[in-house]
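Going in written order, the chains are labelled A, B, C and D, and every chain counts its residues from 1.
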Amino acid sequence: MADSLVPVLEAQERMDTDKMWVIWGPQHPFSHGLWTLKLQIDGEFCTDADPIVGYLHRGWEKETENRDYARIIPMTDRLCYCASMTYSHLYCMTVEKALGIDIPEKAKYIRIVADEVCRIQSHLMWLAAVGTDMGNLTVFLWSMREREYFLDLNVKLCGARMTTNYPRIGGVRNDTTELFDRDILRTVDRFEKAMWDIIYLIDDSSVFVSRMRNISFLTREQCANMGLTGPAMRGCGVDFDIRRDDPYDNYDKIDFEVPVLNKDTKVGDTYDRYMIRIEEMFQSCDIIRQAVKKIQALGKNAPYRIKTPTKVPAGTTFGRLEDPRGESIMYLASDGTDKPYRLKVRSPIFTNVSCSKAMCKGVRIADVPAVLAQIDMCLGETDR
Amino acid sequence: MVEYSSLLDWIRFIDPNTNPYTPFLSDNLPYDIAYGLWEIIGGTLAWLVNLLFPNNVVSAWLIDERTAVMFALLIFMLLIFIVAFVVVLLNLWMERKVLGRLMDRRGTMIGMKGFLQCVADGLKTFMKENTIPAKVDKMTYIWCVSLIVGLSCLVACMVPLSDRWYVVNYDTGLLIIMAFYALAPFFILVSGWAQNNKYSLIGGIRAAELMISYEVPMLIIIATISLLAGSFNINDIVNLQDTVWFVIPMFLGFIVFFFCAIAECERPPFDIAEAETELVEGWQTEYAGMKWGLIMLADYLRGSVSCGMVAIMFLGGWTIPFIGGTALPEIVFLIKAWFVFFLMIIVRGAIARVRPDQILNIGWKVFMPLAVINLAIAVFLKMGGIY
Amino acid sequence: MDMSLYPHAVAMSADEFMTWSDAIINDLLSTGTKKTVDKLTGPIWAWGMKNSMHPLHWGLACCALEMAAASAPRYDAERYGMIYRSSPRQTDILLVNGWISKKIRPDLRRLYEMIPNPKWVVAMGECAISGGPWYDSYNCIQGLDQIVPVDVYIPGCPARPDAMIDGFMLLQKKIEDYFRRGNFMED
Amino acid sequence: MAEVYQSPSVDEIKQALTSNFPDVEIISTEERRVKAKCPREISHDVCQFIHDNLTFEHCSVVTAVDYVDHLMVVYLLANYYNGVMIDLNVDVPDDDLHIACVTDIWQGANWHERETWELFGIVFDNHPRLERLLTPQNYEFFPFRKSYKMRSQE
């Protein structure tokens, strides 16, 4: 009997299907940005993935070594163009820390407001990307419609739609404009209502939910070890938010909840990672309301910017901030001149992309865009 | 030979049914129109030729009954195709406008409220370079397009618009339409292979995967309907619905058939063969210019056939309950078909694309039992003597 | 009847056919038929092409977000028949909206070659026009026109959606000129 | 081995590091921040200790700074329970650019190390895949070194 099994096994071996490498990118509709994903597929299943980045590398860090401190701010806007304010905020915060100065209260609150507006707008861009990745253009267009209102707030605050060039070392460029607080509260109220339209469209549709449920599980340990940060990490049970646990710029004076899912089970799937961002948008609305109240309490004539020296004393320091996509860090080594000696940017996506191998293993091809959409690609900051 | 001098002597406007060679057994409006047109054209030509060369053979041949049937059939073909084509353009226009409105946009706005957009697209694909990638299997690459487009045109022409607007009136009309309709996925599979592109290969395989999942419930429902009607003849099926549409007793069947019809013409949410985010353009990735334009046209032709089938089988075709036939049954039929297409657009706007394995699941675990339940209901109705 | 006197009446070899058809085309070109046909058909083709511009769905950098915003409800570029296609074979316009690094340069050229004729290239934003803020980078190309011929430049950093739509309307004029110039029997 | 802290305070970190590794030098501390310096030979052991015993699960950054005469590798390590970060600096001499790889401790350090190698030329020993990541494969210089001048710097 045992002998007769041998030819059968051989036949099975011969019937093995070949694995195939499919290369997605650099021009591919799923890559929101410019990167390549090499996928090894076995039938409909992915068995391996190899992300390739660097198509947008322009030596950002090297170029900053040739600019004044003040002239780097517009460049930081172009690091992550979905949420440009967070990076200029982070940069200014890092330099202020190196200078050892404290900025006015009002500037801190304005930065918080601007940050959260950017967070909502970036998450809406992400939602739009989820819509196209899932094959539903309605979600894309509806969230783009909502995003325009927040871009209008940017215009109202500083005159530019996306690359705002607004924070300054030692404060912000200008005070809040007239009626800005009224407009922002109206926009936020309106947004909270309109958001439910999109949520009904997605969460009430079993197709949407079943496409995200039960695929690409990540455990808490995996997330921490691989360096996956941001909403994706909080969906998998890591209870950590820099705004709460390592507060900067008066976030400790604001009362808000950090949405975390699966605190007990410590395993999260794609749908959890999706839910976190939706929750975060509502939390951001809350933060905006509180911060606007604080700005109003400070009065119109409160200072919003202080003079700072142009030269930064020698030494190394770093600032840390909760980006819409995760943990971003700027590491500044200065040598006492008016130009940074070295400025390193830690972009959350850079590490998150490296996790795509673990995220894509074992899922179907059709799920790969849905899984990777939860990273929320922004290649400008990844490649730098 | 009679001496013909006046033009009106040459154009006689006889009833085509008195022509012994008429291929149609019953009234056929497009054929009547085509016959009348040919009488005008052929008569005028014959008159002109007769003026120059009296008593020649050619003018006699031109007004011969057999010649008239031949040319009338040619014009008839053109007429049927043009009507199907215009219906498809209207479908396309409706899709763009309705989808635009669903998404808070205006849709396209080029000429005549956006209707000319598809004409512009067509002209543009005409202008584009006809590229054939270097490493494709050229024969299959080109022939598959022709077959897909040709079959789709054929099927679109075969759907009758009313009992007087049809191409053939076989007793097995429904089956023939379905048979031609189900052929296209094979050619999609072959063309996906021929393109030497991994995306299109996966797309082609997915088209085959899609086919085995919805074709069976779809055929069961067609069998159910023909069981109720007692024949596969489209006329019989429609005539049976002059009081109650089949959508009321066969509601389950309607739902299942509607979604299967969406899957059959590979429209979103069942467009896994050309799933944009995964497979760029799926099995059409390497097609460019005119070929791609024709493929898009074929897609919409198949869409309009799907809608027509739903209208015939469940919504009473060209009849209105208790009134029966109207003066313009074609318009009644088209309005119903467009309503079904409108529903399809709404579904497209609301639902995300489903996964291939989900389609298999839905096809075999949901649609299949529902179709069988539907069949059971039909059997009970038949036994109860209601139909 | 001696068929050898009329070899062309039965069949032609490929070479013979080519010389014969070349002669006919040259006759047509020299007698002004081309001009007439162009004059008659040019506006139709121009109208078709300019109302059905299909740019390549390819987002590089900041301007890609504005490209997405341009097709969103507020700006709605689909009114002009602009639909983004993902496969370069089905597009007419290569829209480059970002800086071009040395790593993407060969791919960009390849994408350009893959688009069937007639095709146009639009450089959107400072980076694609001249390198923009990355003028001294070691890894960036200073301008798209160093790789492919560019038809329309849309300035801005990033260019606003309205600027982008304006740029595409300029491109429509260019398309019209292209077809007015005539392309009958150009192949 | 020493006891395991899940959520160590700054003082505890300082104490644990200096008692277990006499060569580690604590440069400065502030609220939720510890800055330490360690010699190259024990960097891997220190990282292992920080990961296992101080529960620093997350490696935020691995990068380098070029001080012309020597290079400094910087590790920024984070704790997920109380938000404390350790800034661990390791000096690497200019003529022998080798340092132990920490990818076996934190997988997240993988790409950071690849990036640091391609931009600075610091070789991480035992790295699973030390290839060019951001720049084209045919680059043969290390652009972030101070010796490489950009066009406008010349």
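Heads up, the rule we're going with is that a contact is a pair of C-beta atoms (placed from the backbone, for glycine too) under 8 Å apart; a residue touches a chain by one contact, two chains touch by 3 or more.
All values derive from a computational prediction rather than experimental measurement.
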item: Partner chains shared by subunit C and subunit D (touch criterion as defined above); value: A
item: Interchain centroid distance [CA atoms averaged], subunit B/subunit D, Å; value: 67
item: Centroid spacing, where centroids are CA-atom means, of subunit B and subunit C in whole angstrom; value: 34
item: Subunit A-subunit D separation of Cα centroids, rounded to whole Å; value: 24
item: Centre-of-Cα separation between subunit B and subunit A, whole angstrom; value: 48
item: Subunit B: positions in contact with at least two other chains; value: 103-105, 276, 280
item: Two or more partner chains touched - positions in subunit A; value: 28-29, 54, 57, 59, 62-63, 66, 141, 145, 383
item: Sites on subunit C at which at least two other chains make contact; value: 73, 86, 103, 136-139
item: Complete list of chain pairs which touch one another; value: A-B, A-C, A-D, B-C, C-D
item: Parts of subunit D lying in touch with subunit C, wherever the complex brings them together; value: 135-136, 143, 148, 150-153
item: Subunit C partner contacts - residues on subunit A that touch it in the complex; value: 26-29, 32-34, 54-59, 62-63, 66, 74-75, 78, 81-82, 125, 128, 141, 144-145, 147-148, 151, 161-163, 379-380, 383
item: Subunit D to subunit A touching residues, read off their complex; value: 32, 57-61, 63, 65-66, 74, 76, 78, 80-83, 85, 87, 89, 106-112, 115, 132-136, 143-144, 150, 152-153
item: Touching residues (chain side subunit A, partner subunit D) in the complex; value: 53-54, 57, 59, 61-63, 66, 221, 224-229, 238-240, 242, 245-246, 316, 318, 320, 327, 329, 331, 333, 341-342, 344, 346, 350-351, 353-355, 383-384
item: Sites on subunit A touched by subunit B in the complex; value: 20, 22, 28-30, 44, 131-139, 141-142, 145, 201, 205, 207-208, 210-211, 364-369
